[in-house]
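Some notes on the structure that comes next.
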Amino acid sequence: MAIVTTPKKACAVNPLKMSQPIGGAFAFMGLRGAMPLLHGSQGCTSFGLTLFVRHFKEAVPLQTTAMSEVATVLGGYENVEQAIFNIYNRAKPEIIGICSTGVTETNGDDVDGYIKLIREQHPQLAKFPLVFVSTPDFKDAFQDGWEKTVACMVDVLVEAPVGAERDPARVNVLPGCHLTPGDLYELRTILEDFGLKPSFLPDLAGSLDGHIPDEFTPTTIGGIGVDEVAGMGRSSWTIAIGAQMRRAAEAMQAKTGVPFRLFERLCGLIPNDEFIAFLSDISGRPVPAKYRRQRGQLADAMLDAHFHVGGRKLAIGAEPDLLFDLSSMLHEMGAQVTAAVTTTQSPVLERIGTNEVLIGDLEDLEELAWTRNCDLLITHSHGRQAAARLKIPFYRAGFPMFDRIGAGHQLSVGYRGTRDVIFNIANLVIADREENHQPTPDSWRTSRQPLKPSRRSFIASTEESIA
Amino acid sequence: MAIVTTPKKACAVNPLKMSQPIGGAFAFMGLRGAMPLLHGSQGCTSFGLTLFVRHFKEAVPLQTTAMSEVATVLGGYENVEQAIFNIYNRAKPEIIGICSTGVTETNGDDVDGYIKLIREQHPQLAKFPLVFVSTPDFKDAFQDGWEKTVACMVDVLVEAPVGAERDPARVNVLPGCHLTPGDLYELRTILEDFGLKPSFLPDLAGSLDGHIPDEFTPTTIGGIGVDEVAGMGRSSWTIAIGAQMRRAAEAMQAKTGVPFRLFERLCGLIPNDEFIAFLSDISGRPVPAKYRRQRGQLADAMLDAHFHVGGRKLAIGAEPDLLFDLSSMLHEMGAQVTAAVTTTQSPVLERIGTNEVLIGDLEDLEELAWTRNCDLLITHSHGRQAAARLKIPFYRAGFPMFDRIGAGHQLSVGYRGTRDVIFNIANLVIADREENHQPTPDSWRTSRQPLKPSRRSFIASTEESIA
Amino acid sequence: MSSLSATIQEIFNEPGCAKNANKSDAERKKGCTKQLQPGGAAGGCAFDGAKIALQPFTDVAHLVHGPIACEGNSWDNRGAASSGASIWRTGFTTDMNETDIVFGGEKRLYKAIKEIINKYNPPAIFVYQTCVPAMIGDDINAVCKAASQKLGKPVIPVNSPGFVGPKNLGNKLAGEALLEHVIGTQEPDYTTPYDINLIGEYNLSGELWQVKPLLDELGIRILSCISGDGKYREVASSHRARAAMMVCSKAMINVARKMEERYGIRFFEGSFYGIQDSSDSLRQIARLLVERGAPSELIEHTEVVIAREEARAWAAIEPYKPRFAGKRALLITGGVKSWSVVAALQEAGLELVGTSVKKSTKEDKERIKQLMGQDAHMIENMTPREIYTMLKNAKADIMLSGGKSQFVALKATMPWLDINQERCHAYMGYVGMVKLVEEIDRALFNPMWEQLRRPVPWDEVAKNRQKAIAQMDAQAAAVAADPETTRRAKKVCFCKEVDLGTIEDAIRSHGLTSVEAVRQHTNAFGGCCKRRIEDILAKMPASSPLAMLQAAE
Amino acid sequence: MSSLSATIQEIFNEPGCAKNANKSDAERKKGCTKQLQPGGAAGGCAFDGAKIALQPFTDVAHLVHGPIACEGNSWDNRGAASSGASIWRTGFTTDMNETDIVFGGEKRLYKAIKEIINKYNPPAIFVYQTCVPAMIGDDINAVCKAASQKLGKPVIPVNSPGFVGPKNLGNKLAGEALLEHVIGTQEPDYTTPYDINLIGEYNLSGELWQVKPLLDELGIRILSCISGDGKYREVASSHRARAAMMVCSKAMINVARKMEERYGIRFFEGSFYGIQDSSDSLRQIARLLVERGAPSELIEHTEVVIAREEARAWAAIEPYKPRFAGKRALLITGGVKSWSVVAALQEAGLELVGTSVKKSTKEDKERIKQLMGQDAHMIENMTPREIYTMLKNAKADIMLSGGKSQFVALKATMPWLDINQERCHAYMGYVGMVKLVEEIDRALFNPMWEQLRRPVPWDEVAKNRQKAIAQMDAQAAAVAADPETTRRAKKVCFCKEVDLGTIEDAIRSHGLTSVEAVRQHTNAFGGCCKRRIEDILAKMPASSPLAMLQAAE
């Protein structure tokens, strides 16, 4: 339904987008004993690291090849070699995942070639798991980095099954980067309640759910092990969540023959009906009573919330899969998706229930929300300035969420997760109505809503009000 | 540690307290096919009904003996008889639970006598479950009504076990009225994860969790059945939650010999450690990995949140068990319980980590919060006016919560529930700091905090600001 | 007590009440409400009714004399709006305890009044009597009188304990308290020929302010609104108004009639719900004022405003009409709304399939017939179960009612709109009507309903599986006990419904080559089987041409 | 590029830098930072450093020329506070795409500058160079120059691509940009003998405002703060100040020294962390101003203020000192803070068990020795693992550091306080010192730590059970297969650890009468057994006197 457009601006203002190398590094954080490594100047790593630390409030492993100006000119082989060596010796990881950056891609470093050479030169590394993904900063976005990296992991780490039988209970899950550790926990519980044994690739729930390890470790403190990844070919099914995971799911099928089912969304009643029906189908088990109850609770939550969510004009900025998921769910509750901004292309965009999806920035989102009188803003924490200027309620969704705690536990999948999202959004709307929209003797003095001018100078006009 | 005081006021202002008959009726709502019946004038029922409906956003069964002025003078036998008959014939309940009110207690109606007479006169009612509790409005509070009613249910409905063996897996759970349907679900899941089969008395999770029944029914749409209650004597253990449940637990032990363990709190790390250890002990099963993980997540949440919660000056108003639970948890996180107000006496009050607990109203709480510069208010929804005047963040806890949706799903028990509460409160504090406490060039102009006068005229002074 | 009984009798005799006019003397004595049925009653008591009627006076302290239930269970639960004062939202109660019951609560009441004056100093205090102090004989009239004198502040007794009757009786008892103790006790600063009273309007969700701008524009002053956004001084001096409108409710007909009797203030009963009714009401106000001496241009001005507002409103509603074509509404409300809202909904193009007339007068019913035709479905008394069934069977597309019955509609997954006191939207006047239409549209066309009405898809899955399992069981019974059988009995699916032998046999005997074909022949249906059947097919010897043919089917 | 190299070489030669003074020429050429180690580096790049130094100018638009990573991953992540303008918090970037890489990004950059001026019209734009455009040869100096001329607005190139070096080099390159393009380009409206510059102060969490009231009281005007809460016009006219303070950081020593050189503005390096340091800094400011012509009373006034503030602060800290007795702090921070905060903590009565000196100069280290004694534990380079171990072993009671290392402390369940840029509390001046003490106290004495350090109680339970199960297993192996055995083998506990026969035997052979005794003899330990053992005891024949005796034990 929606037309996807890209505004013609030379200057991105208040970026919604983050770079794809850190999206790639993020995927590696879902492997056990992993050390993600950005091949670039140390700032590339430092910014990414800070972003993850502020979101998860956790120590986050992320290293750099520390490319200097001179190294850039000469080519990065030595830096890659040294970095792998230093990490291998000091952090004793089980895997190193390497993502390129703008600097090294501009330079044309052949990292796959470097790795081959390093393995040849250093026999102790001959079989050590090293995965490289090409993720230039000047193309695509965070979600793309994740997408490519997971597909790469499948290519490099999963073994084609030889002879061994498939385990009918074993299921692969390929979650998109829009799912939180809390979401992954919920999915694991659901799958296990059907007697299934899921392998999540990657599994951020194991590494970034915020738990306290007994020992200090410089690598990831959990996640899926390389050995378990290798054996994913013996699963009966692959469940991919989010359109971004189609690539990895297809790679898995091509390599191992494991069929996949793609769930583009898991927030909302109908998507979860389909998900649960599928699980019942592949497991051969009836749906546990618990989920019938949770479904009823969700339906009831929708009834309670539709008075508040219905008719709201929604401005939402998020990466494609999250945008599609949340905006579809809210559209189905009667909200109007009035302004939608995203970071990168995706086949789901045109199916979003709105007229137009912009590949743009938070300035675009703010401008649209202003001129179209939106009354609810949904985006990541960087939207906080816009929300304050727009004076409309702000629901934080996506990465990063640095100005609240518990980001890793935010839940949106399953009947229960959907229910929680609906309650939280409806309560935001209720609070806003109470605080800012109580009727006064003048509320209906003129019944016409003033048309808002374009917001060319909105920052200047609010200079004083926001210190 | 705390001294419990009662202010000498003739006029309660902005009541914190609700009446005990509706606390009793509330307990009956956790039985399947139940119709609670207040013996009093119809207003007694109507107010209670509205309160429950606004809190749960559910149809709520609650009937009245509709005592008129004349009936009051003549005595209520006829009204009780007619009410039971009408309900029995029309609503086809499995049980009717009767609570007296101020009117009928002042009058001295002997309802136990009435019931005996009714059973004699109407053989079809001879064995029909009827439970009566004496709950005059002019004594005690909501929590007391619940406490007495559950104890009464045990006395009347539970059968002394004859010969039959105890079921080692079966466990009775007697939850206090401060637990939500969401809390009960969580407890059920935890108990079942240890292989235990819990019977909750009462079980509001079955009736008021907000689900959609297939058929219309004028009675409760779920809850524990009278038959299951009758068999509770065959359980191996009784778990009572909240000091208010000691009475029922003792009644259960006296009648059936089932030993009990009382957990005064289930919000907080240590209380849950004890709870989980106990479950592992009585079930003979090791603690599932899930709970080790949840424990770690809670510990991590405490670490993340203590920066924000630590040192906060807390004003909290709640019924004794909820007050004890929440204030202890926050005290243990480094918050200062600066003002504490409750509704009725309880042995836990003196163990609250503060100097003084007032049996009072929301005017007292507001006054104390004002003079003692509290920066966080916790109480039920009626605290909203005080929070707006005090201009401090407001966390809604307890019954009623009529100005937000999802009240029935608010979770505070278990590692997970504690974690959610901590995140929610910390995020309220963070939001408040961002919105209202950003430093300005004048923040430190004078380093002395102004002493606040008592708030005799606080309402007048805010007349204009709150429309 | 005796004075209270007298007051109640007087109310039962209310000559302004159309319903009363048709009753015999004996009937009238029994009162204007049905006897309450124990175990089958719903709705508030007289105290509740009195509080509803008076609490919207915003600068008054409302003190409830009784045990905690009466105020503790009910305060801060009304959606009336205030343009200034907020003390009306503060809950005051004597919270009587056991000692008070034994020794009487009068002393505590007096002290409570004094505390309120000391701490909050409102212009007046309304003291509400409740059942328990009424039973034990607390004389609130005497206490209020003494307090007024000693403390120099109006302290008004509202003698309406819950057990004397239902909510509507309480409304009238509240009116009596105003008539006896408040109205006419002060004088307005000035008067104009355009001064009116609104009686029985509570400014719920601020809806009065949807109409007030029009009155302002016409120069008409609301001298006193009883009681929405009202102030004590205004009602105390309301006897100087030139005309009054009894808004959409007979709740305080005694006030309107007695003020006409005592002060010559003529009144009419009108409604601001719906376009036609709003216009009619504006016309009537203008007419009454002109009759009492306002310049006659007022009538023309009013017509100009009406024409403009009607045009605006119709234009705003127009786009919705085709959307509402054929949509049926069920209206469950009381009294005047049973017809005033009917008219409003019909204006928007909705079909009315029924309206409740439980609390309606004969006159009300006549108006319904006028609006809906002779065979109007007037619902005398519908149980929740009946409403549920009606909605579940889709006999209506939307229900409009008060908050308590909302769950009947919602649990039947049918749209519902609140038109009683707890709603958060205001629906009065022309803008309110447009808002109502918008909200109905929003409710009717919310895509959520379609989702909620779909059957749970797993039930379908489960049914299929049941069938499959039954057939499997039959086959399994035939399996004997040798090694090959064991190999063949190995389950192919995780769901353990199909064994290897069955599939091998099917492939062999029918020469199957595709998973689809195997499914047809074995009733293996599931997802997880697919891959494994493919594996088996791959290991089996090549099929015969016949099989190829079959597979192509 | 060549001009950038020259600038960098010049910075390496910085004569104002004490560290440099001790180096050979060859050493100096290599630069003042260690070579970064691939796979072992942490910390920001030169671009990061430049942005940190300049972004606190609040009315300037900060435009990052590069691919999305440089701004998209990092914007709005600093806690500097503004008293007015907010455009500094807006993220601007050219978000270079593949086409720009191929054809060059200069055109996009120019258009971006134009868009910003059209939409936001700030008094100036700072343009930051990053690695990729530097590699492909985008000449931002030229673009900025052209834009300045055409668009009539200062557009300042900040030539500090990430790969030229670490954060502290970026700070200095930012300083060079100011020196070359900004400072001295405008004149202040007026000057006073009390005008000073603050250099290297970023007003994190508004901490500048903890000191500014004292300067205001003394009549001292901050002509320009570089860069906290700074405005473009202020820094452009900062060359008219009479004195400067280099605040707690050598980050922009080049700015301080060159401004002294060019404009004769004498400066000193000082700190506002801690009571003594705050007093010293105020004294130095007064002294420098008086030397440049301010009236000499300023010195006395300053002493009066110092005396008053010190007294207040000491009084506020006093109650904490006994609480801090014996408490040990570990300080992991850089540069000047390694001693200025040490002093502050010692003032509060804390013992310092170590301070990191990774980024400290020889001079810094001397000061640490003065403060902590000759055997001060100066930590050159401590890995997170070492810090974790140190804390886990309780060698310190609290750690103070920057945000990134916080989790090392927290995961060791040790109190931690943020003293770097991301903290939400301000710790400068006298009030800040008191705040720091309060926060340390709050962190140290939070009752949470005790809970978090307790062992998980179930581990204890589990250990006991393991033992019990092992013994049960041994007993179970002895069980034969007749009906009585079956009866006796029935498990008594839900946990299935003890069978009936075992218990009966134990009771019989030892004549037991109490649950406790049964437990001792059977290793049945659990909760659920208790009731059932009681039942068994009740059914067994009465015990012998000997058994009674045993039970009484």
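Remarks
Read from first to last, the chains carry the letters A, B, C and D; within each, the first residue is number 1.
In this section, a contact is a pair of C-beta atoms (placed from the backbone, for glycine too) under 8 Å apart; a residue touches a chain by one contact, two chains touch by 3 or more.
From a predicted model like this one, the values you see are computed outputs, not experimental measurements.
The chain with its CA mean position farthest from that of chain B is D. Simply put, of A-D and B-D, more C-beta pairs touch at A-D. Annotation: 39 Å between the Cα-based centres of chain A and chain B. Centres computed as Cα averages put chain A at a distance of 27 Å from chain D.
One finds 43 Å separating the Cα centroids of chain B and chain D. Between chain C and chain D, the centres computed from C-alpha atoms are 55 Å apart. Among the residues of chain B, those touching two or more other chains are numbered 57-58, 212, 299, 303, 438, 440, 467. Residue positions 81, 83, 411, 413 of chain D each touch two or more of the other chains. Pairwise, the chains that make contact are A-B, A-C, A-D, B-C, B-D. Listed in rising order, the residues of chain A touching chain C in the complex are 166, 168-169, 195, 236-237, 257-259, 261, 269-270, 273-274, 276-278, 280-287, 292, 295, 299, 302-303, 306-307, 310-311, 331-334, 433, 438-445, 447. The part of chain C that touches chain A in the complex is made up of residues 81, 83, 205-206, 209-210, 212-213, 229, 312, 410-411, 413, 424, 426, 429-431, 434, 438, 442-443, 445-448, 451-452, 454, 456-458, 460-462, 465, 493-497, 526-528, 530-532, 535.
Note for the complex: chain A touches chain B at residues 57-58, 209-212, 293, 296-297, 299-301, 303-305, 308, 384, 403-406, 409, 419-420, 423, 426-427, 430-431, 434, 438, 440, 467.
Note for the complex: chain B touches chain C at residues 9-15, 17-19, 21-22, 37, 40-51, 53-54, 57-59, 63-69, 71-72, 78-80, 82-87, 90, 101-103, 106-107, 136-139, 141, 212-213, 216, 218, 382, 385, 402, 456-457, 459-460, 462-464, 466-467. Across the interface of their complex, chain B is touched by residues 35-48, 63, 66-77, 81-87, 89-98, 100-101, 108-116, 118-121, 131-132, 134-136, 161-166, 383-385, 388-389, 392, 403-404, 407-408, 411-413, 422 of chain C.
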